[in-house]
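The structure appears below as structure tokens.
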Amino acid sequence: MRKDLVFGMAGSGGDGIVSAGDSLLQAAAAEGYHGVMTKSFGSQIRGGESSCRVRISTTPILNPGGNLDVAVALNWEDFLKFGAELPVSGTTVVIYEAATGIKESEIPLVGVTPLQVIAVPIAAMAKETAGTERAKNTVVLGLIAGWFGIGAVAVMKGIRKKLAKKGEELVEANQRAFDAGRAFAMEHPLKASMNVVPSETKGNVKLITDGNDMCAAAAIFAGCQFFGGYPITPSTEIMQFFTDQVWKYGGSVLQAEDEIAGIGAAVGASFAGKKSMTATSGPGLSLKSEMMGLASIAELPLVIVDVQRGGPSTGLPTKTEQSDLFAAAFSAHGDVIRPVLAPTSVADMFRITIEAFNIAEYYQTPVIVLSDQEIAARKETLDPIDTTQFKIINRLVPSGADLQDYKRFKQTDNHISPISHPGMLGGTYLASGIEHVESGAPTNSGNVHQRMNDKRTKKFDPLKDRKDLFEVTGNPNAPIAMVAWGSIAGVCREALEMAEAEGLNVKLLVPYLLYPVAEGVYNDFFASVQKGLVIEQTHLAQTFKLLRMHVDLPKGLKSLARSGANPFLPSEIVAALKTLVSELQRSHEGNLQPQE
Amino acid sequence: MSATGTCEYQPKDYKSDLKPIWCPGCGDFSVVQGIYRALAAVGRPPHEIAFVSGIGCSSRIPGYTTAYGFNSVHGRSLPIAQGIKMANPDLLVLAAGGDGDGFSIGGGHIAHLIRRNMDITYIVMDNQIYGLTKGQLSPTSQKGRVTCTSRFGSLEEPVNPLLYVLAYGAGFVAQASPTDLVGMAAVIEEAIRYPGFAFVNIQSPCVTYGEEGQQIKGLKAISESLSALGHNPADRLAAMDLAQHYGSKMHLGVFYRNPEPPPTYGDLVKERQALLSKDALPKERILDLFIKK
Amino acid sequence: MAIQGIDFAKLSLKDALDLAILIEDEAQERYEDFASQMEQHRTPEAARFFRYMVENEAKHGRELSSRRLQLFGDAPRSVTPSMIFDIEAPDFDAARAFMTPRMAMEAALASEVKAHAFFVSALPALQDLEVRALFEELRDEEIEHQHLVKIELAKLPPDSRLSEEDFVDEPAPQ
């Protein structure tokens, strides 16, 4: 019996394969399992190649998974288009459409012999039972229920609910298709059973959501009252959530005429005293840089969510990457420090978004949340989150005394000045992008400029001591280390588990705060480290270089970087760690040789 | 054929091998056919044509022609087209995009292309929705329209693309649609031939996100020919009056054509270059400019 | 469907044949486009039918071309593709992602009906007797083509009453 299964399914948009994955995830959650689902598409809006991965487990899931346990190919041409996103290995059971006419011994997977290969007349069964081949996805769900014991009741319950409005005939057709799939599976049992053990948490409430919706919900929870933005894949759903919900909380949302107007409106809302945000992807971040610089010098709180996708320029709009790090940290001319945070999963997106608002409000600054397409679009099941544990921080409001001869940019011990907003009697001031004295009046004095730059950069010093924005797992004194953030952190967490299970002495640092670089935290972490990897999905190894700018990195710390749309597998990271272990052993042995 | 010479070209000569990603039934298939026919009628060789677009479903169009294409960034086809035309005024320069690309993020550029009167033809495929990103509000969506980003209905009046360009003084303004294929190809051809900035708004329905009433059948029902109405395209005010019906009526044909097209920006640049070239120092002696006399 | 610049009264046999060939060419190209769109959007059965139509139109085109060659050799054409719009070619609007073979055949049938209507409407204006004979022949052939499509249609089982949209995935944002 298994505790964990990774499904990978591919076909075309017309095959409903993503809907099937969705149904499977919902059913798994209903049965008390943890689940994660990711999707991937071709470039057509409708019937292009389409795939999804669903990972189901009895324990919390760290990462959508590496090699597939079960591969479902409704046609081979589309399956193969996904390459490394759907990796098949010697432990995979491959289920494919018999109508492809390909023999079980001749499936087009180069260099790999799967555990078992089964051709199933999926389309024919669909046609026979539901009257249309398009019911293939429901047949597949029936096969999965039969072979792996997931969703036997829950899938059809979910489908019934979803299709109730469309009529009984449709529901019945799906039921027949599902039953046919299940019957086929029962009649052709797998060589080795792969049923998943029943979950012990069945009956517990589970949330199901994706990174974008979670981000928006967290923002509203944190008190965000304004969203200004523009549609751009893969971030648009954040704006869409706001258009559904924010009115109910007395807030508003604007789909502006372009990216710059979107952030401009958000800057305006912040000036007016409201917590506000914008969301975009790479191309939008580039456009927004001028406004971000303005918010920095005007010391206005603002949250900017960048859901990274393949770059540069239009790049790969539907694929994930981590290559906006430099842009997030350094975009916009001049000497600016702008905090950059990065969630690693849908679950911690809630906490990190709240943190972003808190940091933005406390330090009176724009803050960038670096999400990515993988986290934004993937659906996770979550245990309910106790929202009472989160502290909400609001901007420092001027006291009565402050408002006697109010100076907006007054120098204080911690460099943070009370901030007024229009409507506040006594708090009138001029906000601007031009350099200014304490009152806000323009200046071109070198002395003032130096002092103001000091204020605007030193105010962030306490951030560098925020150990709670870093996660260290594994043996704290391990000589071998990994550093990873964002969606890659999940892959590395799984790699850590696998490595420790094999007796390797390694540790992992996951920074949630990417910038400013908290040198102290890194120095502490690297103290014991002799060899290691900074693992990231950027072609230029941006994280490695950013760290190198600020931290004395151990000589043995190397970069493991690659372009987006090229996933990392936990197994390959473990293999890389093993290489480091051998290198370390050899160098120790070398050191122990008697001197000549 | 020599540069700027014309030859016998068939519409097929302008069709590339790249297969469109558009959904079957998309209005843009007819539009690109109209462009192939218009270009064949004008007869410029494909390699002398520069076709610039922004981002969106309709912005994929340059790749489906055999011209030099530039599928650039969202809303910036016009600045790039201007640069191309200024660098080589002999090229035939076309720009294309959707209603969002042109009138939302790109809206600021249109006014300036018009007042510079560069000899560029701008084709907008107007479907009142953001198709590529999955169905959000567009600047030409009707007020009250329910979309992914306006679930309770849009609160905004739409932009009127026709009035917009007419008010800025464009010299050639027309509207077309796949409901009238002959008219569409003719109007695109006329726009290309017009010596100066020319604008064609094409009502090209989105078969995936468009509303039922906005598909070909619905468009036919509100369609009216400007020439059949007896409209005089030399009358800008009459054109603007008719343009106000954008959204409720689909007027097809030429709204406005300047009967006495002024010199284009390119003409004026050529004139200036000719005038001043005699004053040019040889390049090797350019630093003489800094010698105090 | 539309035409421009054709004077039926003055249409010569050479021009008429060339026009007929262009009509077949246009239809062939359109079916080719449709087949390609269906393949791009993973609708193989409709794609197969459209490829069958490509072959049909190509065959008719070839027959007309050899007649033209016999009668007029390679005398230059005076008619152009721009004179005809969607005479026998199905409207672009007729295609849909996930269309069933039945829908594909109905689109082809509608095109044959359109083409038939074209020849019928042109007949009264034609002056040349040989051209008349040609158009009558082409008109009757369209009826034959409709018949062939109807035979194919009859072979199909009825479409499921359920809509495709109930099974397919949502569109993907790009």
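Should a chain be cited, it is by its letter among A, B and C, assigned in written order, with residues numbered from 1 in that chain.
In this section, a contact is a pair of C-beta atoms (placed from the backbone, for glycine too) under 8 Å apart; a residue touches a chain by one contact, two chains touch by 3 or more.
Just so we're clear, the structure is a prediction, and the values are computed from it rather than from any experiment.
Peer 1: Would you identify the chain whose Cα-based centre sits farthest away from the centre of chain B?
Peer 2: It is A.
Peer 1: Counting C-beta pairs in contact, which comes out ahead: B-C or A-C?
Peer 2: The comparison resolves to A-C.
Peer 1: Can you give the whole-Å distance between the Cα centres of chain A and chain B?
Peer 2: The separation of the two C-alpha centroids amounts to 39 Å.
Peer 1: Report the inter-chain centroid distance for chain A and chain C in whole angstrom, where each centroid is the mean of the CA atoms.
Peer 2: 50
Peer 1: Just the number, please: Cα centre separation of chain B and chain C in whole Å.
Peer 2: Averaging C-alpha atoms per chain gives centres 31 Å apart.
Peer 1: Could you list the positions in chain C whose residues touch two or more of the other chains?
Peer 2: Those would be 40-41, 43, 97, 171-174.
Peer 1: Could you pull out the residues of chain B that touch at least 2 other chains?
Peer 2: 21-23, 132-134, 208
Peer 1: Which residue numbers or ranges of chain A touch two or more of the other chains?
Peer 2: 43-46, 48, 233, 236
Peer 1: Along chain C, where are the residues that touch chain A in the complex?
Peer 2: 40-43, 97-98, 159-162, 164, 166-174
Peer 1: Provide the residue numbers of chain B that touch chain A in the complex, in ascending order.
Peer 2: Counting only chain B, the residues touching chain A are 21-23, 55, 57, 73-75, 104-105, 107, 130-134, 136-137, 139, 148-152, 208.
Peer 1: Write out the stretch or stretches of chain A touching chain C in their complex.
Peer 2: On the chain A side, the touching residues are 11-19, 41-50, 75, 78, 130-132, 134-137, 163, 166, 169-170, 173, 233-234, 236, 317-318.
Peer 1: Inside the complex, what are the residues of chain B that reach chain C?
Peer 2: By the definition above, chain B touches chain C via 10-12, 19-27, 29-30, 33, 37, 40-41, 132-135, 178, 180-182, 185-186, 207-209, 215-216.
Peer 1: In the complex, go through chain C and note every residue touching chain B.
Peer 2: Chain C reaches chain B through residues 2-4, 29, 33-34, 36-38, 40-41, 43, 80-82, 85-86, 91-97, 99, 171-174.
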